[in-house]
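Each chain gets a letter, A, B and C, in the order it is written, and its residues are counted from 1.
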Amino acid sequence: MIEPMTSAALYLHPDRLFPAESGTRLIAKRLFASVKDLPLLSPHGHTSAAWFAENNPFPNPTELLIQPDHYIFRMLYSQGIPLEVLGIPNAQGHSEQTDPREVWRIFASNYFLFRGTPTRLWLDTSFSDLFGITERLCTENADEIYDLIAAKLTEPSFRPRALYETFRLAVLSTTDSPLDTLEHHRAIHSSGWHGRVLPTFRPDPVVDAEFTGFHDNLRKLGELTGEDVSSWRGYLDALRKRRAFFQENGATATDHGHLTARTADLSQREAEDLYVRIYNGTFSAADAVLFQAQMLTEMAAMSVEDGLTMQLHPGSVRNHNAALYARFGRDKGADIPSSTEYVRSLQPLLAKFGNDIRLTLILFTLDETTYSRELAPLAGHYPAVFLGPAWWFHDSPEGMMRFREQATETAGFYNTVGFNDDTRAFLSIPARHDVARRVDALFLAKLVAEGRLDEQEAVEVIRDLTGRLVRKAYKL
Amino acid sequence: MIEPMTSAALYLHPDRLFPAESGTRLIAKRLFASVKDLPLLSPHGHTSAAWFAENNPFPNPTELLIQPDHYIFRMLYSQGIPLEVLGIPNAQGHSEQTDPREVWRIFASNYFLFRGTPTRLWLDTSFSDLFGITERLCTENADEIYDLIAAKLTEPSFRPRALYETFRLAVLSTTDSPLDTLEHHRAIHSSGWHGRVLPTFRPDPVVDAEFTGFHDNLRKLGELTGEDVSSWRGYLDALRKRRAFFQENGATATDHGHLTARTADLSQREAEDLYVRIYNGTFSAADAVLFQAQMLTEMAAMSVEDGLTMQLHPGSVRNHNAALYARFGRDKGADIPSSTEYVRSLQPLLAKFGNDIRLTLILFTLDETTYSRELAPLAGHYPAVFLGPAWWFHDSPEGMMRFREQATETAGFYNTVGFNDDTRAFLSIPARHDVARRVDALFLAKLVAEGRLDEQEAVEVIRDLTGRLVRKAYKL
Amino acid sequence: MIEPMTSAALYLHPDRLFPAESGTRLIAKRLFASVKDLPLLSPHGHTSAAWFAENNPFPNPTELLIQPDHYIFRMLYSQGIPLEVLGIPNAQGHSEQTDPREVWRIFASNYFLFRGTPTRLWLDTSFSDLFGITERLCTENADEIYDLIAAKLTEPSFRPRALYETFRLAVLSTTDSPLDTLEHHRAIHSSGWHGRVLPTFRPDPVVDAEFTGFHDNLRKLGELTGEDVSSWRGYLDALRKRRAFFQENGATATDHGHLTARTADLSQREAEDLYVRIYNGTFSAADAVLFQAQMLTEMAAMSVEDGLTMQLHPGSVRNHNAALYARFGRDKGADIPSSTEYVRSLQPLLAKFGNDIRLTLILFTLDETTYSRELAPLAGHYPAVFLGPAWWFHDSPEGMMRFREQATETAGFYNTVGFNDDTRAFLSIPARHDVARRVDALFLAKLVAEGRLDEQEAVEVIRDLTGRLVRKAYKL
């Protein structure tokens, strides 16, 4: 097989991602310098509030960097390395007896697989900037680097709250079940620590009738709110109460992770009848789909009332690998994007609320063909519609450039909402924002170098993308 | 909210849109210089023949530049500015009492929204080249620039015919209802003025059974031609007569704006039966679709007979915003592209006429995924098929580059037909051709700089794209 | 019409395809230099084993370069030149009486049509490197160049085996019917000549129930193997025997050219029943589709057993031009790509074998939208899945760059399998590999110049892409 290289210097070029042509590079450097040190706004992500509530040290390099990061272990798995060997816990939460150092060695020996991927950029940036590592990770230095990171993790400056500050985070949003007690968010708040760790209302467990434990979830929803969730009205009121509870605890947004972007606008009577079938478990597959579609429109209605910004993330075929899912459960790198339609799918919702400036609906996609064909035209017309940044598989230098190149000419910059790091890999957050700011600098520098925008305007745009547009879209 | 910048110089870089790398830029400059001053051929657009027939001055900057241009007001609308406030007339043609100067001020204060869009390039080019404006439009200079433009519009050199000449237009095609009297085109012709303003036959009002006033349109078609349009044969003959009437008045092309590219090839009997249902208003939705599909094939048959070039513009979901449509009618920036299929859709028509060199069928798309997958392979095989330029939302520097990058390697340059400005914004025409010529120069310069084409050949290609291929495709 | 240029120098720039920016160009040159002279591995193509078995001289320039190359004559045809005039044989194998020199003259006069296409690059490279031609082909020098090539073809160094060596080919795979006797492959082997010309098992004629002569093909399959192909078991065993026969004669791979990527996993009983209908000719169109889908899964099962690498090439609508097909038969440039779905289509096969490292399944596409959306995510997760290079219409500089730009960030380099020339145009093989190596050098140089990869690593990657990954994927 392919033999990896032996150790070499880890050098992060200060102008990385900028174009080679010197004129454009100089402009990109100036634009980047104007936002490089601005605080990080992270309005959408998947870190754990418990880290910041408890502020315990992270256990070891493997548990921190490899085992929670499906970008990393999906690549290793794709080359034939079983998840068991990597100590990934199974669906019951148990992992095979694995030595974290042994897992790290496997990772190190296969580090060459990540060449050309954003994961490589994020990791190298963390290694260099955070841990001061000066050699590229490889078989030979695996132990040395493991020990170095492990030692750092015991220091007070590597605890979650200290890192939040080192990273200059100003806001860090989590993604939470509508049934969550938000105890960790409340604990953070009452601790007096100044960090802003905000919950996000993600109702999938109580709007997706095929979600594991759906009926139990409904029952709990009723208990938590004192509403009679056997009725459509009671169910909606229960959701309103939970949204209010999230808002009281700092939430400014909801998030919706549907298979498609389909929306519906049923009559009161049709919706009630549908809900009866959903609640009683007598629904068909088509009913489940229709119910999710209807619930997007209901959620938009509630957003118009309570002002929560609404995020829609459609298009991922979850748990594509049935055998792996049976053994390891969700979020194991086996979610695969598929073709996604927005124009007709969103029409029912947009007919009702698309012209309402009280709604902020942020659309994301895994189907890049929709940037220029569907999403930019929608965002460039409907007052309620905004475009989220390049998402998931496309959250990468080339992916971000395609987003700007394909969306800007129709939607402009001001119908977009800045960057989301969308990660559960806490240590990668500064690196991800660094990449996003560099790519925006690169895109804008190209416009300036080609006489399409004045540099003074480009500075204003990149500052807006980094700060103001995020704060406005997410009401921060 | 985002505060716009205060005034700054309006500077149009002479090398705008060319790449920063100096070698490629020099080649691009030379290529552009070879076509920069060639006359403009505009074989597809939406200006009004009445302007040139009557040659009245344009009323004021707002009525000329903002209110007819859905590229502009859709962006303003997307940021929450109501169309009423912009004085856009409603479906009945009435507009709220608005002061054009007040609308201009709103536009000026929001000019930053257009950063990175082609609209910004077109407007800046008009402002600078045509009106001699030296400051970028902003809140502070809105009145001053309004007054400057308003004053110019009263001068004889800013009347429609004078501008036609200033712009070095050699042909300007309009798009016209098949029921149009073409009185303005005839008036231009009989006036002795040398400008060539040609009609284009766009039969949607009499082939789309769901078009507003469809049955009345059929009745008028019968009256105009003396044919019995209650029969399939009479209907086809009526269309033949109208095509002949258009040709007599200068038309060289037809245009077809269908929702899909679907074509059909029914038997005589099936077609007659279908027409009975269409004519009697007893048709189903599927019938209406099938009728449009059949009519594309009928139009191709007539093109083989009479030689009119046939243009197909599918893929726009018209009037997506129902509330806005009810209030303001069509062409208000709410047409949204959708996924478009060509390969199977066009097969019936191409089976009949695709090998016939008497037919010139020009295909356009709003779905860029079809460039490399469907359109270039079709145009690179069928003698009758040619590719129209990047269209509508894609009529922009990045969009045009994607077209060349994705279509050229399979279809070459010689199965394309040069540029269409496709606009109702008359003043933007020189700027749009300027952008198109620059992007072609840029694309070709890259080929030359990378040793893929000799510069001498590139000069020949850009001259062909600017002139000969347009004249050939549109029979000018 | 467009008049072609008169003759000019044919100059192949040594840095062709490299970017103009000097820093990146220097890196690209160094990377290219590190692989420029490596042997060519051609694991997928359409040359004829008979050429190498018989080692006869090629007849004349037209029969060698134009008449077998549908890239060339489809472009000429698209501009209205009838295939008869080019001496393309009809479906019965007869061609109109044409003088090869006359065909060559037509080609020469239309050589400008290929500007900007890869065909132009391949031809110019052959003309210059192989024949030492120093003028660009045009009307004026058509005869002279014809004579020069014709003279060369009579020399021993231009016989097939000599060219195989001149080209530094190390492996050349053909594509063969499962009913092929492989006599030419065997003759090559027993001749003692060291060239490796390997067959590839392409079972379309016996798995596609709508293939011309399908039932006869089944009968022959039974005869060749002594199996009772009237039963499902006998049919499968017959295929196993033919695969074994191919392996004995050097095959390392199979190839599957389906219309879609659909797979199925029927029960034993369902499969048997389906086969009865297929065998008896009582199948529906849906049955034929389902049978092909099931056969992909069966072929994967056999690959797990016998180790043959499996290639899937879906998405081409074959013989789109019915009239042309009736007259000239298949492979006449009238195959048109269409939208292709992989995620749900492959799920049945992948559920069964996607996690099995004994399977190597190489996916190709004509639908570039699937690179980032479907293919890279699948290859970046499933151990069995690898990505084939940019295919057919996309086997071009821009097409190859899009592949790397859109697939690498998710799948990395190590889930790809290097280059396939996929050609029946033998003389274009070195030029095609040259282009592929240059584009990889260019892509990697960009990563290096932008600080995304160290140059030392880039050297390793380009060597892996050129050699090791090909050998591993195709088990060479």
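By definition in this document, a residue touches a chain if its C-beta (ideal position, glycine included) is under 8 Å from a C-beta of that chain, and two chains touch if they have at least 3 such contacts.
These numbers were taken from a predicted model, which means no experiment stands behind them.
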| item | value |
| --- | --- |
| Same or different residue numbers at the chain A/chain C copy interface, by half rule | different |
| Angular offset of chain B relative to chain C [C-alpha, multiple of 5 degrees] | 120 |
| Chain centre separation in whole Å, for chain C relative to chain A (CA means) | 40 |
| Contacts with 2+ other chains: residues of chain B | 19, 21, 369 |
| Touching residues (chain side chain A, partner chain C) in the complex | 1-2, 5, 8, 11-13, 15-21, 74-75, 77-80, 112-118, 120-121, 136, 317, 320-324, 333-334, 336-339, 366-369, 393-394, 396-399 |
| Complex contacts: residues of chain A adjacent to chain B | 19, 21, 23-24, 341, 343-344, 347, 350-351, 354-355, 357, 369, 372-374, 376-383, 385, 405-406, 408-415, 446-447, 449-454, 456-457, 460-461, 464, 468-469, 472 |
